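Chain nomenclature is as follows: A, B, C, D and E, assigned in order of appearance, with residue numbering initiated at 1 for each chain independently.
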């Protein structure tokens, strides 16, 4: 076991722990913050694996942009400690069960696939190498991804600007849907008035 | 197998006259009922004439396949548009022509959604014709379904008793049959290794291994057996008969059920003879049960059409028994019985149609004494009933005779049981006649007209055919023999 | 690099950019209706030119982007199908009332981008480009679904579609990672060389399975079908039609491509595919029986059809591939015809219940006939294109010995006929509670309906030419091996 | 093939005799339904020609050496080659003469009897049909052909019994007749098919030749003989299928005279005689036939003892006489059987036609009622009837005496005396019940209403029409009476004529001792005397000895409960048992399971569809679970 | 020398499972999207590890684009969620059950 190996296990343990914390937090802000820690760990792993540029990008984009976006949304909607009804164990236990099986499967898979047990060698792809490679071989994907981002932009504009779009932005709309049940909590459209459609669990 | 190319595509002309008829009808405005009917009569008449021509122009000495038309259709799969008639299909084509024409005449008094009715009717008949004359397995299947699916609408829209139930049951049942047929057909195609669906190429006794033949035969027998109303897959048939409008009942009982039997013969038996021999006893058991059972259930019925429906089950049992004997005589009798039964049930339904249109009831107890009011209309029904009893002089006698002869030879016990079924058949036929047509006349129907010459035409034609064939059975047997003898010879060799 | 072979993609890219530009133009309030008309006509024009471009480049062949993108008959045929699908969908967008008037430009932009993405998908040759194209098409569809106006159904459908979709794509990504790490290849041709030897390795097979899940999601194969009913029901009629037609076609193409490269040699994989196919069709058909909403019914029928298509794919030979390609075309025609009737019957863009079809045969005989033919074709009744497609698939399957699979499929066909007949019954038998006025169908729509009927029947009856096309298209799939 | 080539004349006559009635049947049915007179004319004309032809044929071929057969081979199907044509030999020459004569007479008689009936044309159509079928049956060259017409005869019987179809009992009787004969026919059908399968030929001449049956095992021969005999049992109303015949009396009386006494029911016996050489090759079968004939004869006689219905008495007597014929044939008395057939046809037709006159006049069938109304005053019918009854009883010198005598002769050669004894009992009973009827009719009892006040018959008013009818009806009576009187004296020539074809096989009746003849005569006289004592003499109570024993009376009048048994069979076993069972099975089991499958499918569809709704996360879980399980599957 | 590649796979597998658990078991739309991000992250780790394992830059390239896709996903996803929240005032996926 080399130093790098120890580092790998340490970081991995941290990442897993942080992720586990993240997914179990009730407070959304806490969850997001834990996840940011997890992503920092991931970035270190990337670095360990010889991808310094990706490590940087991971921090910048994932932890920095994406997670912050989450944070913004959570705070904007004041959803950080929203009442989240918890699944009864009979529902999340199967989930846990299958995840566990999956882990076992993944482990078995990793161990039993030949060629997987060769220790990794240290190598580093410098940002320049990486960039050259990307732009030499993958600029088709860059094109696609650029359209994708454009699309996301327009999509977010059109969806997020629901209220600006006028006629379809009426918040009560959901409850007056022809196919739906009669509206239970009228006027619940105010952001921040945390109510669900049945209005029962409001006070819990 | 000998093949005689057609000098003129008569078979395609038959199909085409159906299709063109359908298109013409679709172009006529909905309101012009009379014109639609006239056009229908003309086109179905052309069809009938063509079938008659083909029937009589068929060279009985030569046998084999005649009027052959062969056009490659999907070469990559070996599918071809391959039409021909042989001794097995020729009687059925004639039968279809007759029933088609008389069926159009029977529905002369239809008033609701006339255009759609006749268009669908023509489509259905085109399918039937196609199936009988096709020599390509793919097309056999296609025509099979083409003849079935207009049925749903024809029954569900224009039908009478529990029509939606009957229509749905019929369609699903028959589609379930095709669910077995299609895999079997493809299986034969795949196992042959010849890359062709052509019936002629596939028809070599040794082409398929016995296992394949057994399996494919079972699938095909069950699949087509549903349409042939083989017990216990028959329950769609009475319900469908009852629900359908009369003209459709005629085609349905008269011709469509023959498709099933014909399919068993043409596809299952001729392509999988070893499977046939293997399952013959099984077929015979089902057939005998069908004969006796159909007759007994017929005894309990109070609806005229149900009676006919169950009698059909019984009579198709005779066909199936003939097919199960693995003898020339059995095949001859079965094909003859198909024809005879077709004409007979057509006459039945045509008569019931007339009566129902007048009295608006099919319930036997309500009719009572109709002979007094409509002697001629009742006479036709009685004649059909007599034919159904297998009375000599009418066509069915010969079919039953030959089938039973073969059956007694091969399966003495089954043969005896089946013949005993005839007593029950006679009993229930006579019961119906007695209760519905004899006895004191029902005053409710006192003012009703007896059938006029024009409206009686279809029934006259059918009755005449029954009589002619009954008195001169060799007219058909000579034709059927040209196919059955070479086939059995080839099999035994 | 020969850019001309990417003509269709370039064209669609330009067209979508055109709509993007249009959408930046300030809204013209007073003449909104005419503007709406203008966008519609533009879209029709562009879509029809698109077909021509695709047809023109149908014989194009070559690689772009250093083999990340291959252009061959297979991809070009599918591109033509996609352009046709787009054209058909655009043609029924004339009275699109459930998309906000001012968002029509965005709507068409998304539609064109989605088509572009699907075209890229059928040509993409590396895992990465496949992944990205898939995401591109998915995201445009998520947005399209959620765009539905006034109906919160659209939102709900969007959420579900999005969540299930991104979950599936995450799974797919993980699968790709496994596949990549175990095979060492990121390009399909390279994978095709190494994979058959190591298909039995756990990482490879599980990676393949996970990878396929993303495509199965697109095709709505069990267990990735859950989005389909809700999405169809919640999306606007036109969008649902698009998802049912073009998106399925591309999904068929990509599954076929991936399996043709990577799927050989594993009985296990075939078992899995058989299982998924059987469950898909059974489940789809069973669930469709009790549906009241036509679009939801069609969604379940789509799931069932995915099962049938999967049969064609899982035989893993040219006959099966060409059958599946033919079936893709069949699905396009049948599903489009069915949705066209739905769109015509609901001019206000609402969801149509089956009872609302009552009296259709009187209100509009041609639409009733179109519905009849489309449904019979979906049920696989000859002589329709649906039957021919099924027939081809079944022949391919039986040739490989999957007799029982075909029998199960045929039993499913019987089940499916039951609910199709319920719809037909509503259209032809039932009379509406109060007399409804005759449906006004414009001449182009009548023409469209007539052409659809003719296409379904005529191609069903004389399919040879198209079968040849499908066989030619399937050719490259076997060449690569 | 045995047989000499036909003469052209023969052929023409045969064709005329058979096809003309058929032509008239078709013509009446198609064209002249609305014109009764024309219909009757057509029918009678054709039957007259048939009669003339028959007589001519008989005369031409009276010295027939070998049977003449000419046929076209009707190739019905390969594997079924059946000659279809005519066979001429003494038996059927005799038969066609009998048939055409009776047909002719009855049709003439019907002119009066059926006058004014709304179904007059139809009646004659059916009559023509019957004539055609019966003539062709008699002339058939093969069993198949015979069966063909056998069934047609049955059909015309059905149609004629149910001629007055508005009467429920008539249609019921028609149906019963048809179904019961049909039951017998099925046996016949199976029998001849079996025979065909084993011999490959159904030609009658062939079957009757010893060579044809050489290779067949005796047990099989017996089996097929018994099966074919089933047809005879049905047609000739023998035990156990005998109850349809009395019921068949619901038809018009001429029909009863023609079909149900003289010709059609005799077709059974005819078939027996036709295949006599064949049957006689199986001794076991022959004894069975003998037993069945005897049982039928005795049962029917006892039934006749108690019936009050004039036609039924004659119907029972018909069964009984047919039993006699079968006994005779079964005992090997070929000539006796055929001769009795011939004489019986004459006198039984006579009896029926006489009864018909009474019934026509007084519109009742009850003998006491008829007697009360003064039937004895109608001279011609009454005299004819007495003649007929005497012939029936076997009193000399009437035809019945000779034929009975022949029968007794053939019975007496049997080793077992039981049969002769039974025959003698039968003779006694016959004489008793015949004269019981005659005496009741002739001598109204004490309790009768004042004579000379008959209930006014309905058509008393149109006297002229009545006269014509009476005359038309009287003519056949007179002719038949004459026949009855003289026919007996032709016994010897007939014996020669008939025997000509059979002597070769050594089956001619053996010379018998004469005491049975005397005994028979004595018993006949005793029967008449007993009838006289009980019914005829002055002050007789007109109560028979059977009437005094209630249990016996009930047994006889209930026809030995045979009908009850059949009723039970049909109602309980067939209708309520098998039929209902099958029906329920159809509805509940087959349809039930089919519907159940459909319901189940829909229900599972509901469940599956429900699974597709609900929270998105369940679906995600399901997706993942399936994926994991599939991955797990890989490890197996 | 670091560790065998299989260890990387195991770690990524655990992370993936955690992500799945998050999406499946948390009744909050935001957490569901978060869970999907975790899954993507797990895939990224495999890719980077594999790139090292195979000495090929394709894996790293993949991660680059995963980042972009993740960004898209978050923006579109959050937009929809915000939109939904404005209409219903809830993050509970159970509230979206009109479609049946």
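Convention: contacts are C-beta pairs under 8 Å (C-beta built on N, C-alpha and C of every residue); 3 or more make two chains touch, one makes a residue touch a chain.
Treat the numbers as computed from the prediction; the structure is a model and nothing was measured.
Counting steps between touching chains, the shortest path from chain A to chain B takes 2.
For chain C, the chain with the farthest CA centroid is D. Using the average of C-alpha coordinates as each chain's centre, D ends up farthest from chain A. Looking at C-E and D-E, the interface holding more C-beta pairs in contact is that of C-E.
Ranked by how close its C-alpha mean sits to the mean of all protein C-alpha atoms, the top chain is B. Centroids of chain A and chain E (each the mean of its C-alpha atoms) stand 5 Å apart.
Distance between chain centres (mean CA atoms), chain A to chain D: 99 Å. For this pair, chain A with chain C, the centres built from the Cα atoms lie 29 Å apart. As a whole-number value, the distance joining the C-alpha centres of chain B and chain E reads 64 Å. Residue positions 91, 95, 98-99, 102, 105, 108-110, 113, 116, 137-138, 141, 145, 148, 151-152, 155, 159, 173-174, 177, 179-180 of chain A each touch two or more of the other chains. Residues of chain E in contact with at least two other chains: 5, 9, 12, 16, 19-20, 23-25, 27, 32-33, 49, 53, 58, 61, 65, 69, 72, 76, 80-81, 83, 87, 93-94, 96-99. Shared interface positions of chain D, defined as residues touching 2 or more other chains, are 598, 612, 616, 620-621, 624-625, 631, 635. Contacting chain pairs in the structure are A-C, A-D, A-E, B-C, B-D, C-D, C-E, D-E. Contact residues on chain C toward chain E in their complex (touch as defined above): 127-128, 131-132, 135, 139, 142-143, 146, 152-153, 155-160, 162-163, 166-167, 170-171, 173-174, 176-178, 180-181, 184, 186, 203, 229-230, 233-234, 296.
Of all residues in chain B, those touching chain D in their complex are 169, 172-173, 232, 234-235, 293, 296-297, 299-300, 327-329, 332-333, 336, 369, 371-372, 386, 389, 391-393, 397-398, 401-402, 404-406, 408-409, 412, 415-416, 419-420, 422-424, 426-427, 430-431, 434, 437-441, 473-474, 477-478, 480-481, 484-485. In the complex of the two chains, the chain A residues touching chain D come out as 91, 94-95, 98-99, 101-102, 105, 108-109.
Remark: chain E residues 20, 23-25, 27, 32, 93-94, 96-97, 99-100 touch chain D in the complex.
Looking at the complex, you find that chain D touches chain C at residues 598, 601-602, 604-606, 608-609, 611-612, 616, 619-620, 622-627, 630-631, 633-635.
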